[in-house]
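Note that the chains take the letters A, B, C and D in the order they are written out, and that residue 1 is the start of every chain.
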């Protein structure tokens, strides 16, 4: 079995709040094999960003990880001291955040913000730093990199800012890169360029974890996908099976909502109802309220992840074990 | 990149410093019992302050003193509140010295003088061989110049030279020189007065009549600001003066008199009494003027720690409660009498001044020639005061007037105001305290519209006229003191009293006037005469303060160990 | 909105609008002020304690005559500077008056003198600060030069002018303190405004045509609240202490009456021999400042949208 | 930027003239005659009138103002009535001491203030946060004379580490600087904490943490730089107030500074000295605020693009 860059087992993240404890990440397990791009898809608020933050150890107080293991290239991140975690962030694992407009420090030059990563994690002499940044800028497709080096974030367009953030994330060649909604804030043309750029990032001993609610992005980038709903993984499979044969009702709903050029539906279909608030989740399958063939067994009893095919698991009572 | 460890260290140091700082001030400072009343406080009975630095040996003759406010000028013609330089750098024809309890006028530059039958013409003989610090001889023409310059400059101290014939004319520019002053030869001169004045020699001993060197004065533009130009014949010369910081006096080896033990005086401007207190107890000052410290501190600190080193001398003068006769209520004699009966001066003396004051009953204070011990005081009788007010038809609380307080006055005076205000309230008179800053307060008093106030008048020379004439000499003078005393002929008699030649007759006249003004008319309520306390450092063995209890003193009178 | 059809078989069944609105409302119920304060109480006990302390101070001020037997001006020259004892809980001052009584009576003046000018200068300073920061150009220069003048004029002289023209009442103390303090507040709020003026959401609001005054009120002012609360709490002690120096000029409270500032200044020379004269009012001021500070912080955490993001 | 500064300096001349005129007008409203105060107890109305006329104080205000301004332009700021020395000389010596004291105090205040502010913000509502808040608020609510006298008592009198008063060597500046600075440190730390808490919510803070910055590194190199604007303004205000003299600290530690001169000028209605100290304070306030405004452009590029 190829070795995995990232292994998450039964991860639980808990947020104490005035209305009792909520758990945006509930018993999540996933793998990012070397050389592969893995996606997490789901509506906003389903816990996908929280999972990514858990890996980076950037969960906002008062949230905290209560159970589960996160291993990066075999090292259990939860056992690291703050100092070790800091030396890891940006060099071994890096993250591209969602909002390019506000993810760069407004009072620091773009070039300096990228240079900072090198200064923190490498001992490249001061003189060479600027050149390395200009090279990475050119690599991520930033035109006139020397000029952009001295620009401030407010002088750059959204696309350019996202490229600077990507440059920042990849400059130290991290083993794992996490992209949280990398293209959401960008217009379509720039989106395509960014996606192509991210495709080339993955090499055989690194991994890419992409988080998005946009199935188009997932389809273009990912080899293997996890579908999350209300803090839990409801379906996981390789990209082709997922699109050809979505089994979990929620995944099917998502697929219908996307609509495709093949079907000429004038009106896109939607999933009735709304994502339940994490505070009062039903005991059983959290999708039961919105599921057409939701039965009372669904409501009471939490279905486990059933293996319905090679590399394909679904969390739904209706599924039958592969081969039965 | 700052590691977290270093920051934690920094925080710990900060916390430790804060803790030490808080605990140190929490317990009452070492050596002091908390208060005179009872000592059952949390004051740690730690021994007195950590060993003060060893006092330097006294042979270098250095005396370290401190003052609260810097002098504004070294020229006595331009200032009346700081006499340190005039007393030590210049000489006068006469000096007033405290000899076994009474102030005596003694010859200084004058060795002898004769007075004519009608008391108008004085002939003086100057001491021979006296030279200024720049070597030029002190002659009669210098004395004449010293009289004339006061009238020509015509600012503060003009009332003494004005008594000389021709003084008025010189001041108004009608005459070129002081006609009443004849220079007979280098060491003899004669002065003719406009009217006989028995206290003339006493007046010549006041700091204003310091003798300056005529030659230097001609060449110097702004006399009194540069130490180099300040040429006198006294025991010291000013070697350095940095405004608002310090000035230094050093022994003038050309001085004609006996050589004092103090060779150098370093006077530093220390505006905070608390700081002076600490510096003295830390051995950085050789003497301290306790006037500005609250008497409770003097009692609890100095009287316990340095019982044998305290010098006390009366601050010759009187602290009085002035009543403005123009005020609608205070113009009524009964109200003024009731006020006098309502104030218990003894309570104030014991409570606020810890017995560092002598009760006064009239205008001419204790220690001044002409003081009348026999003048009986208005007895403290609040019930009598209430009855008197009722008889005069005043309802309780109807009488109200303002008691002005100068915010620059020292805390004992302010406390006295509050005590008096409360005593008056007890008899139904509302005297509301209103603070004024120094200039506004003076302005209001000069305008004659200040209802009532408590202040201290310090005597400048040993003669009753210095207070009687200043307060009751003329309608303008009494108006400027916001007393507005009404009896014109009494005021005329006060003005005339100065020229009575026979001492007994003059004394009897002043005492009769005092009985009329205070006894009958109750123009003001005399309270007490403060004692001026000083404390000597361990390098000083003896000190005789100025006869009138000034804060300024003759450095020559300090004896170092 | 949420119309639209499902898969082909259920084209006609378009969910009705009310059901969706009801469901949507569950998402984030609009938090009424009462609920917010309730939440603050649970999450931030310090703010609650502070509110209680402020209430106690106000009650102490109001019911002062009931609480102590002594009169606050009654002098007892035999019992000067007595240390704290059973008879006098906080001891007596230089005039032999009971310090606890004067503290309670003094709180009437000092609480007002602390809070009112701080509030007035906050309102005046913030308004002019935001206006000058946001408008820029001529208005900015005019307001800032006015601020420079107010900062430069010696405050004691200003106090005296006000006293001799408008009289010495407490109102004029507030006026003086406000005139002295507002310039500092204006400059700091202006710097906040300059920073906020260039943020994306303010420019976005400007682009869609929101009027200038609305932008100032809806976008810039709420974001200045944290700094405003800090400036407010910092101005309280300085106003209380400055009041005593005004009293020396004849403005406001006069000697036998009590205020915390006056008590501390009167106790100055007895600091080494009778430290409680200074420490008791000093601690009272500090307790007041801490109370307003924690209450301010508590209010800010609740009201500030940033803070309570899930 | 340069054009902006020149315009500002032009405006400042108007402010200076405005203040100078206001002082004259104010002194006419407020009672108290400089000559009477100078002469004190022995003041005699006749002599006062004559001296007042001599000094030209009985002239209408605008004539006095014009005469003062023409004199000032020629560098002659008149002679102080109460101290008898030229105002420029008095201000010269006093300014030296006040400047040194201001620098020592500002250094101490800002170092302590910023360190406490950042540490308090780092652990919001933690023990450190409340400890620093208590210390800073104690500083703000204790009058300066108390801090000064207690420091003097403990460190100078008791422990003999530092001189009780006087500034003949640098050690003399330490205690006054701490006394003066403690109050300013309290304000700075409160403002730094509050602005930092705001900025820590921003997204670029997560980016910085994502780059591997430690908590302290994020606070100082990213968060604090964005919090500087209001902090710099408060520092400018504090420094100009320090430069216009701290009369209480100067009194307790016997420092011949501008503060004492200014108070003496007001108390004695000493017009030349009062004008001198007031104009000096105005200049210091103008330059302080101008420096702060220029720093805005350097610190926050978004503001710079407007100029």
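Brief remarks on what is shown
Quick note on the criterion: a residue touches a chain if its C-beta (ideal position, glycine included) is under 8 Å from a C-beta of that chain, and two chains touch if they have at least 3 such contacts.
Bear in mind the structure is a predicted one, so any value in this text is a computation, not a measurement.
By number of C-beta pairs in contact, B-C leads when A-C and B-C are compared. Distance from the subunit A centre to the subunit C centre is 45 Å, each centre being the mean of its Cα atoms. Distance from the subunit B centre to the subunit C centre is 48 Å, each centre being the mean of its Cα atoms. With centres set at the average Cα position, the gap from subunit C to subunit D is 23 Å. With centres taken as mean Cα positions, subunit B sits 88 Å from subunit A. Those residues of subunit B in touch with two or more other chains are numbered 25, 29, 274, 437, 440. Among all residues of subunit D, those that touch two or more other chains are 30-31, 149-150, 153, 214-215, 266, 300, 302, 305. Listed for subunit C are residues 160, 198, 268, 271-272, each touching two or more other chains.
Under the stated contact rule, the graph of chain-to-chain touches falls outside the line, ring, star and complete shapes. On the subunit C side of its complex with subunit B, the touching residues are 73-75, 77-85, 94-96, 160, 168, 247-250, 254-256, 266, 268-275.
Across the complex, subunit C is touched by residues 15, 17-18, 101-102, 154, 256, 265, 267-270, 272-274, 277 of subunit A.
Interface residues of subunit B, counted against subunit C in their complex, comprise 25, 28-29, 32, 34-38, 40-43, 273-274, 277, 293-294, 296-297, 300-301, 347-348, 350-352, 405, 407, 411, 414-415, 417-419, 421-422, 432-437, 440. Residue ranges of subunit A in contact with subunit D, taken from their complex: 56, 58, 82-83, 86-91, 94-95, 97-99, 102-108, 113, 116-117, 120-121, 152, 154-155, 165, 168-169. If you check the complex, the residues on subunit D that touch subunit A are 202-204, 206-215, 221-222, 225-226, 299-302, 305.
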